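Two complexes come next, and they have one chain in common, chain A, joined by chain B in the first and chain C in the second.
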Partner chain A sequence: MITEESVSWDSLLQDTRARLAAAAPYVQAGKQVAAADAVKLLEAVLRPGDKVNLEGDNQKQADFLAGCLCRVDPAQVHDLHMVQSVLSLDRHLDLFDKGIAKKLDFSFSGPQAGRLAEYVRAGKLEIGAIHTYLELYGRYFIDLTPRVALVAAYSADRNGNLYTGANTEDTPVIVEATKFKQGIVIVQVNEIVDQVPRVDIPADWVDFIIQSPQPFYIEPLFTRDPALITDAQILRAMMVIKGIYAEYGLQRLNHGIGFDTAAIELLLPTYGEELGLKGKICSYFALNPHPTLIPAIESGWVRSVCCFGGEVGMEEYVKARPDVFFIGPDGTMRSNRCLAQTAGHYALDIFIGGTLQIDRYGNSSTATATRIAGFGGAPNMGCDARGRRHATSGWLRCGEEYGLQQEMTGGLPRGKRLVVQLQETFREKMTPGFVEELDAVQLAKNAGLALPPVMIYSDDLTHIVTEEGIAYLHKCADMQERMAAIRAVAGYTDIGLQEDPQETAALRKRGIFKTAEDLGIDPARANRSLLAAKNMRELVHWSKGLYTPPARFHNW
Partner chain B sequence: MTDWQALQQKSFYEATARERANGIVDAASFTELAGPRDRMSSPHLPALGEAIEFDDGVVTGVGRVGKHPVFVISQEGRFIGGAVGEVHGAKMVGIFQLAQQAYAQLAAKGADSLAERLPAVVISFETGGVRLHEANAGLLAHAEVMDQIQNARGKFPVIALIGSKIGCFGGMGFVAAATDLIIMSELGRLGLTGPEVIEQEMGREEFNASDKALVYRTTGGKHKYIMRDCNQLVEDSIGAFRTALASALQQPYAEIARCRRIGSEALVDEQLALAELSCEIQPQDARDVWAYFGNADAAAIPEQTTADFLRTVRRRP
Partner chain C sequence: MALQELHYTFRATEPQPFPLGWSHSGVVGSGDMEVMFERCMLDGEIRFKVVTPVRGFERVWEQVLGRFVNETNLADVSVEINDNNATPVVVLMRLRQALKEARKEAEG
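Right, the complex of A and B next:
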């Protein structure tokens, strides 16, 4: 029998108070803690087994706090359960090497994918699950709520109001989940100011602010130098514009990262203009501020861009185009990955991106047997949003063409998101882009994962574009037909060599497979002279000097 | 092959070796010699399991600029970074030998005819120097080309064009320095040790090779023009390079030879004085040197168009 006294409804709060009291000796004026005391502060507020969010976003990194966390005494702080969207710094994995952390729930680990797989094999790290961004944010509010969050901001005032600016990214969702479950929020800031430009996070959600000795690290992840775009990428981009964007009149899009989509962006003001498509396609984007989108914006193609994060060097340009980007009352951009991913899941008609491997059924993945790379946001945008209930013409058209529509809904009208994969039949080092079985299957066995990490499932994929042409997979009536359409675009890979020419001819007749010629595209025209900007400097010119590329891209 | 008119507009930086070879001489005058059909490829690469090219990464041939026979060497950066191996080097040397023969034939016809129709060797550099897969042969090739340049001295001009993606580095940086005249675009880069190698050897603090703006300030066309390592700076088009080459060939040979940066005691003294100056002013960045030579707004130089730059720049006296 439970007695009245034994029931406590605020144990979290009491525990938090005890931790804050332990931290009190290190607190200076207001909520400030000296950088030199940061390690001691962490030792005071962390307990073994805590769920901890160490802000590692797609771009912004709480790198100073990551370094401090690596220096806590593992005898005192150990077996932490890290819940964070991106693993990109060496320090993120050093924590597991030192025994400070044990378990990991995450979304994306691009640069650390190899080391992560190695640690899993060595038993240094236990993976909870590999999530999409939205999925992980969702779990912050269900069963992965951080007890302590270590986040990053550009500036704070003395009360702890934060300015996170163009690279707000994950901060709001992390802080909200943590603070409203009585957790502790520690922030590293580049500077402490009298007044922040605007309040992105209110002071009473923040417990400690630390002025970091160095500004937080941020990666120019979405910058692609047009000088590196190849003629093959330009050909695929022409096919996409004419055979997909124009065909379906697509106005609401997300472009994945990469040179293929950069080529599409740079063809809008030239090839797109020539086809008379301005205003008919590509008006709204959920997209980071890609520098390669500048010519299309300047030519009046783009009405609105909702950003997941910022991009180094684009700050002034974005600020000067408030009609296009989401700008705060202070005049600078705010990105919010959680909201932008929601937009990406529900409000887009098409996702288009690249991948490493597509299997013969049309499942695709960026995982290889020795790399656990994760997903980021691609699966949420690269899927049919089943909860969607608003109609647009392209979405409806794709639904009408859907080969299984009759079977699934009895003929009731229902649209379908276009999910397009751009693929080279052979990638770098002649590795085939089409395979019998995804490496993800072997990886799941190696790493003991319950689920092979598939980026985009076959039933969501509607189109594949290779140098051979476009496969309109959603039009297929069954898996046999779908596999034949994949063989048709798979070129000289082992999958492609199994193609039956008669079968392909039949698919071509039904518009399930189209070559560049079928689309009225002359492959000889697919060369770099079609690009609206051929190098970084021309992007700067297009931006009227507002875009300032980071040093590594300033190649003049 | 794109037609010659279109080539004139094309970016020299983006052009292939064959496009450059065709575009820098008069229309339809280029004949490729020892071309891909002759299949002179590297005997060493197959042993290492590496791919070969039938031209071994260099286009060689002869064309005309006005009345001058122009012997062309054009390196292709897309094949092993334009690195020089045995066959590549032999083709370069072969072109010099042809130029020597043409010179001898024209000289036999008398001084007037020779001056009017003086041959030239033009090298469009795009290379990182020695091809490491066949390093000894590649090094030997460098020495042989150097030798050929010395043999050409006092006879006919050897002209360097630098404005391609890879730039001109390694041993070929020495070779370029030994030519009579260097024409660059601001995108051209010229140096000995490549940026990545400097970083590797001296540390990132000394030279951060991923800082592309720094790389251009240190090795790019504008800097080389200010320092007079480059004689002429032109816009980035094949046509602009061709025009500069054509007007250079209208000069008497003695005028062209005056552009040399090495090869006399006076020039050695000049280089030594420059080394002393560098110890004296201790520049931390190329901008310090530009400012020292009288360019008040040195920071603005990289952003200037070539035309604006040429209008306002102050070069080393």
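Right, the complex of A and C next:
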């Protein structure tokens, strides 16, 4: 029998108090801890097996705290369960090398994908699951709640109020999940100030602030130099603008990262203008502050941009365009990745992006047999939001065209998000973009994953655009037809060479496959002269000098 | 990597002459190619010489060049391609652009 005395309803809080007491010797004025004491602080507050969030997404990084965590004594702190958006720094994996951490739940591992796969094979690291951003944030509030969070901010005041500014990103969701379950929040800040420009995170959600020796690292992930855009990308961009954006009148969009979508952005003020589409397409974006969007913004195409994160060099430009971006009372942008992903999931009519492999059924993935790359946020937008209940014309039209609509809903009206993959039939080194089976299937076997890491499933994919044309896959009535439409756009890959010309001709007649010529586009016009800006310098010029590209892009 | 030389010959159904005596376009940058057309009496044939560092794509070259001949019906012209890892899409696009430029130039 359970006696009343044996039940404790605040064991987490008591445990936290004990940990905070252990940390007391390192605390200076208020919540400040010296950088030199950071490792000791971590040893005082961490316990073996803790779930720990180390802030880092594909942009900003709590890199100083990551380095400190690598230096704790593994005899004292070990077998941590890391729950974090992105593995991008060497330090993130060093933790597993040293035995400080054992298990990992995450979203994206771009730059570390090869080493991650190696560690899984060697048994140094156990993967819980590979998530999308929203899915991982959701689990922070269910079964992956961090006991300790290590996050980054631009500045803190002496009480611990934080300013996270344009790179707010994941901080609010991490801190809220941690603090409201009695966890401990440790912050590295670039500077400690008398007054923060605005309060992004209130002081009473923060336990310790450490002024880091260096400002936190930010990756300019979304910067694409227009000088590197190819004619083939311009051709695909022309087809997208005419055959999809104009066709469905798409006003609410997300562009995946890459040169293909950069080409689309740079064609709006030229080719888009020529087609008379201004005001009819591309008014609202959920998008990072892409430098290649500047010409479209300056030409009056874009009414609003909701950002997932900040982009290095775009701060002043963004500040000077408060009608377009979400700017705080202090005059600087705030990006909240959780809210932007929610917007991306529910409020967009189209997701468009590139991928590495599409299989013959239309499933796609960026994983290869030796690289566990993860997803980031793309699948939250690259899917049909099944909970959506508001109508827009493009969304409704796609639903009307959906070949299985009658079968699935008895003909009741329901729209469908357009999910578009831009694919080069062959990439560099003649790697085919269309394959019999995704490498992700083999990867799942190698890494012991319950699910192959599929970025976009076939039943969500509505269009594929290659240099051959556009496949309007959602119009297909069954999988056989879908596979034929995929063969039609797959070019000279092994999948494409299985094409039956008669079958393709029939699909063309029904508007399921359209070539550039069918769309009234002359492929010979696909030329760099169509780009509104042809290099970084022209982007700076369009921005009236407000955009300041990072040094590595400063090539004039 | 050692370069390999591939040769292909096609015959157009309704032979059309190349609009210029000679033309050159493109640059052998990475992922790109240059192409030279030279008009000559080939008894209604079109001949391609492809110099490429990529091996194992003889069939794909044949398909891409065959498609170009099918859509243009070019005949009595010798075509030389210096390839530096251009993908099939780039090859077809460069050939089409070269022909378009030649037509423009011929019209003066």
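Operating definition for what follows: the second predicted complex is superposed on the first by the 556 of 556 C-alpha atoms of A that agree within 3 Å, B and C clash if a C-alpha of one lies under 4 Å from a C-alpha of the other, contacts with A are read in each partner's own complex, and residues count from 1 in each chain.
FYI, a residue touches a chain if its C-beta (ideal position, glycine included) is under 8 Å from a C-beta of that chain, and two chains touch if they have at least 3 such contacts.
All values derive from a computational prediction rather than experimental measurement.
S.K.: For A:Glu428, is the partner it touches chain B (first), chain C (second), both, or none of the two (neither)?
M.R.: A:Glu428 sits against chain C, while chain B stays out of touch.
S.K.: In the overlaid three-chain picture, which partner chain does A:Arg389 touch, first (chain B) or second (chain C), both, or neither?
M.R.: neither
S.K.: Is A:Arg528 in contact with chain B, with chain C, with both, or with neither (first, second, both, neither)?
M.R.: Once the two structures are laid over each other on A, A:Arg528 reaches chain B alone.
S.K.: Tell me the contact category for A:Phe553 with respect to chain B and chain C: first, second, both or neither.
M.R.: It touches chain B, and chain C stays clear.
S.K.: Spot which of chain B and chain C makes contact with more residues of chain A, would you?
M.R.: Of the two chains, more chain A residues are contacted by C.
S.K.: Quick one: is A:Ala232 in contact with chain B, with chain C, with both, or with neither? Answer first, second, both or neither.
M.R.: second
S.K.: For A:Lys509, is the partner it touches chain B (first), chain C (second), both, or none of the two (neither)?
M.R.: neither
S.K.: With touch defined as at the start, can you tell me which chain C residues reach chain A in the complex?
M.R.: Listed in rising order, the residues of chain C that touch chain A are 30-31, 54, 57, 60, 63-64, 85, 87-90, 92-93, 96-97, 100.
S.K.: State the interface residues of chain A toward chain C in the complex, per the touch definition above.
M.R.: Per the touch definition, chain A meets chain C at residues 230-232, 235, 424-430, 466-468, 491-492, 497, 523-524, 526-527.
S.K.: So in the complex, the part of chain A that touches chain B is made up of which residues?
M.R.: 227, 528, 534, 551-556
S.K.: How about chain B: which of its residues touch chain A in the complex?
M.R.: Residues in contact with chain A: 11, 14, 165, 186-187, 208, 210-216, 220, 302.
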